[in-house]
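First chain A sits with chain B, and in the next complex the same chain sits with chain C.
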Partner chain A sequence: MTELLQFVITGVTVGMVYSLIALGFVLIWKSSGVANLALGQLVLISSWFTYGMLVQVGLPLWLGFPAVILFALALGWIIEKFALRPLIAQPILSLITVTLGVAFFIEGATSFIWPKSVAALPRFFPQATVHIGTAVVSQEYLWAAVISFILFVLLSLYFKYHRMGIVMRAAADDQLAVQACGIPVTKIFSMAWMLACILAAIGGILMSSIGGITFGLTETGLKAFSVVILGGLDSFLGAIVAGPIIGLAESLGGGYLTPLTWPGVREIIPYITIIIVMFLKPYGLFGEARIERI
Partner chain B sequence: MNVDLPAGTRNYTYAQDMAIFRTRTHWGLFLGLLAAMLTMPLYLGNYWLSVANLIGITIIAATGLNILTGYCGQLSIGHAGFIAVGAYTSAILTNRFELPFLVGLICAGIAAGAIGIIFGLPSMRVKGFYLAISTIAAQFIIIWVINHWNSMTGGFTGIRVPPASIGGVSFVSQASQFYLIVATTAMSVFFARNLARTKAGRAFIAIRDNDLAAEVMGINLFRYKLTAFFIGCFLAGIAGSLLAHRIGYINAENFTLMGSILYIAMIIIGGAGTTIGPIFGVIFIQMLQQGITLISPTLESIFALPAGFTAGIGPMVLGLIIVLFLILEPRGLAHRWTLFKTSCRLWPFSY
Partner chain C sequence: MLKLNSVEVAYLNVIRVLHGVSLNVEEGSIVALLGANGAGKSTTLKAVSGLLHAEEGEITDGNIEWNGERIDRKNAEEIGKLGIIQALEGHRVFEHLTTEENLQVGAYQRKDRHAIKQDLDMVYDYFPRLKARRRNTAGYLSGGEQQMLVIGRAMMATPKLMMLDEPSLGLAPLLVEEIYHIIKRFNIEHKTSVLLVEQNVRIALSIAQYGYVMENGRVVLDGTANFLKNNEDVKEFYIGLSAMGTKKSYREVKHYKRRKRWL
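Entry: the complex of A and B
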């Protein structure tokens, strides 16, 4: 019972971080129809940048985090401006492949600048464990969940009330109409990329403060794909709901299935989820099934 | 098609119209290329011969991916996974069951094709990004199974593969492997070239351009999409088998997601949906990688660059090239080649 509670808590909290990263994907997909396969690499490079700022340069936290956010903003702007902007209205195959090229580039740049394979961020959160019921949980997980939750709330407020948020929702709904209203759609695209990079950066910091910075962070991006597939590509709610489900499936499956199957079954649970969702409900839990016409 | 012909060349029979080599110049160039290929072991050293072997194998795999992605429009980012299926099938059959190489080769193709069909099934309901993700999932699931099915695949440590041999002739030296690989590559490319002109090939193109319209015109999507998956992955399996017998010892490290992405890059750079494209793309990328491997340590020592330079520069250059090609020449090197040929035809009187 204790074990179960522990698995549930870690699964749900890690899943919320997945949701956060997945939201960045949904943002870009909804506003510009680009599938961003460089998500994992964005997580990786912003974690390394955080490491560079906090440990190598030695900035204090209050200066380091704004630097990371600025870096994420610049990264998103550059990617959109120089890789995606020239390819507007190209077939989806090119749009997917160009993000793969970006992924390759970022991965190379990361191992260029930070040649070591493993590093640890300073501990931001208190170390003491917390007792919830009978379970003993490390506080970091709870903090990650709280921060993710606060960001969900902030984002939904932004989309509901802020002018730019409303414009972005409008663009997702009908790009042509937004353009006709005199709003530059390209500005929305770069806004979406910048927001997505910030979400990836925050997700990356949360993940790597728990597990350290490793190359495995790129897999966080791949797990975020299973979140968006399960939740539905064009649904914010879907991403928020599906994240904890994937996290839960991962930690429960890892906990209880490992003795029954080969060890390491935990790693492929997100991928098996993808295949199952493809067969049963390809547009996800909350996704909109597109009706095509010739 | 007549536009492609040089001035003064006319077709008088259907056989002439359909022939791949139509003029004396074609035949001359073809025989010249053949002679150059077959004598290559005479003047290439062992190192460059092994590079040529690798290029040949990669061309087979890229041709398969080109049929699937370039012709049929089904994006697959799990090609290295399917190659792994072929490599391991062949390795297990020849090592554990001691079957002849040819049996292993054919079974590798069929096994990879069958796995391809299974992971291609989602293509019935989804396309584009959804399919890309499900093939990434396929890659991870395949590699995971390989890493954990210890009794068969040898797990993380890998499996030893005996060298290829046909009827007592063993292909151990680079030169003998070269002939085996060139023959297989030529057959695959010839097959791919002809496939594009058959009913199936035309159905693939129709599906790529608009699958809904293709279905309305009476093309059986279920059948042709899965056929594309089978053929694409069959060639991947053949390539995997040749790769396994060439390097003699395989583990899952040989088949990474980055490898899968590189295959996509190759057909994009070469020109997706053309027969010549994958060949250009593979040669371009492989030569680039060789160049980077040769030059980067020297550069690093001369300019006293940081330690990560050698590891990082390869992916950076490749990523940059993918992005630049997509932006500047989305039709790839094959398109440039066509332009070049056209200007040759009119030379010296180009208008």
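Entry: the complex of A and C
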């Protein structure tokens, strides 16, 4: 029983971080129709950048984190401006391939700047463990969940009420009509990339505060893919709901199947989920239905 | 105020769809651009609004002037800022947004919150039906309401020139009358010029002062609304009345006898 509770709590909390990263994917997909294949690499480089700021440069937290956010903003802006914008109006496949190129570039740059394979961020969450029922959880997990939740709320308020947020949703519906209103779509794309990079950076910080900075962080990107595929590529709600599901599948499957099968089985569970979802519900759980009046 | 000088447009660098179109829109007037499917009416509008680039189209010759300034090299955003706003053909609302959010998108370029609020009320005043549906998802509105929403959205940008692409498309005659009545009212009350693309010649000429007839990418006839209404060819081929001004009897149709005089 204790074991189960433990798995559930870690699964759900880590899953919420997956959701956070996945939201960045959905944002770009919805506003510009581009599948961002560099998601995991964005997580990786911003985690290493955090390490660079906090440990190597030795900035205090209150200065280090804003620096990371600024870095993420700049990164998103640069990627959109220099990698994607020149390809506007080209076949969508070219744009997606460019994100793959960006992924390799970031991966190379990261291992060039930070040749170490493993590092740890300084511990910025309180270290005392928390007892929930019979389970013992370290606070990193809970903070990850709380921060993700706050960001979900902020984002949904942004899309509901902010001018730019509303226009971003409009662009998801009809790009040409947005242009006809005299609104620059390029600004929307660059906003989407910047937001996605910030989400990836925050996700990266949360993940590496739990498990340290390793190359394995790129896999977080892949897990975020399974989240969006499960939730539906174009659904914010889907990403938020599917994250904890993938997290749960991973931790429960990993926890109970490893003794029965082979070590490392938890790593493949998200991908097995993708395949099953593709068979059963190709548009995902919450893929936005096309509105058709009858 | 808006002036097209023998504009040629080609798509994908090979398919030429406009062969030198010239037209003029005077300040505060309503101008109708008439013609059948594929005549190049919508392309003309897109050439003005800068939306051609999004469809791999390009102005290959001629120029477009706005108050004496050339705008044919500007992009859609810059042209929008000048006050030229196009409402696209075919009820293109933002389906997953509510009515009110759709209208807010139209006002995106403006910063004055107070005035935006007033204009929202103004649009609701023109289209009371939209007010009743303000919280509804736009994708589920009726065709007429969606068309009203598209026009309302264009109004929210406080345009100097509003370009409407077939506002009568797919709507019941009564609704068409209603919408045209509102366009006319907006034109008079706000001194907004209107460039109107329409296949429904009768209704378009009922509010326009001047009209151009397009065929195969050329302007073949132009004149005041009264001139066009009384032109034999327009009556015969676009309004469906015979030379006598009575309803056409298909028993006596001899199309080969009557040729368009502009050909």
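In the analysis below, the second predicted complex is superposed on the first by the 287 of 294 C-alpha atoms of A that agree within 3 Å, B and C clash if a C-alpha of one lies under 4 Å from a C-alpha of the other, contacts with A are read in each partner's own complex, and residues count from 1 in each chain.
We adopt the following convention: a residue touches a chain if its C-beta (ideal position, glycine included) is under 8 Å from a C-beta of that chain, and two chains touch if they have at least 3 such contacts.
This is a predicted model, so every value here is computed, not measured.
Engineer: With the two complexes overlaid on their shared chain, look at chain A and say whether chain B and chain C clash or fit.
Structural biologist: After superposition on chain A, which the two structures share, chain B sits beside chain C with no clash.
Engineer: Have a look at where A:L237 lands relative to chain B and chain C in the superposition and call it first, second, both or neither.
Structural biologist: Neither partner.
Engineer: Check the residue A:V130 against both partner chains and state whether it touches chain B (first), chain C (second), both, or neither.
Structural biologist: neither
Engineer: Name the contact category of A:A74: first (chain B only), second (chain C only), both, or neither.
Structural biologist: So A:A74 meets neither chain B nor chain C here.
Engineer: Quick test of understanding: once the structures are aligned on A, what is the angle at the Cα centre of chain A formed with chain B and chain C, as a multiple of 10 degrees?
Structural biologist: 90
Engineer: Of chain B and chain C, which one contacts the greater number of residues in chain A?
Structural biologist: B
Engineer: Touching A:V57 in the superposition: chain B (first), chain C (second), both, neither?
Structural biologist: neither
Engineer: After the superposition on A, what does A:V178 contact: first (chain B), second (chain C), both or neither?
Structural biologist: In the superposition, A:V178 touches chain C alone.
Engineer: Which partner does A:L154 contact after superposing on A: first (chain B), second (chain C), both, neither?
Structural biologist: A:L154: touches no partner chain.
Engineer: Considering only the touch criterion stated at the top, classify A:V146 as touching first (chain B), second (chain C), both, or neither.
Structural biologist: A:V146 contacts neither chain B nor chain C.
Engineer: Is A:I166 touching anything from chain B or chain C once the two structures are fitted on A? First, second, both or neither.
Structural biologist: second
Engineer: Between chain B and chain C, report the minimum C-alpha distance in the superposition, expressed in whole angstrom.
Structural biologist: Least C-alpha distance after superposition: 17 Å.
Engineer: Shared contact residues on chain A for chain B and chain C?
Structural biologist: 293
Engineer: So in the complex, which bits of chain A are touching chain B?
Structural biologist: Answer in residue numbers: 29, 35, 37, 82-83, 86-87, 90, 92-94, 96-98, 100-115, 222, 225-226, 229, 233, 262-264, 267-268, 270-272, 274-275, 278-279, 282, 292-294.
Engineer: Write out the stretch or stretches of chain A touching chain C in their complex.
Structural biologist: 89, 163, 166-167, 169-170, 172-184, 288, 291, 293
Engineer: For chain C, which residues are in contact with chain A within the complex?
Structural biologist: 49, 51, 53-54, 56, 76-77, 79-81, 85-88, 92-97, 101-102, 104-106, 108-109, 137, 139-140, 142-143, 153-154, 157
Engineer: Would you pull the chain B residues touching chain A in the complex into a rising list?
Structural biologist: Listed in rising order, the residues of chain B that touch chain A are 69, 73, 75, 77, 119, 121-122, 125-126, 128-130, 132-134, 136-138, 140-141, 144, 147-149, 210, 212-213, 216, 258, 261, 264-265, 268, 272, 306-309, 311-323, 326-327, 330.
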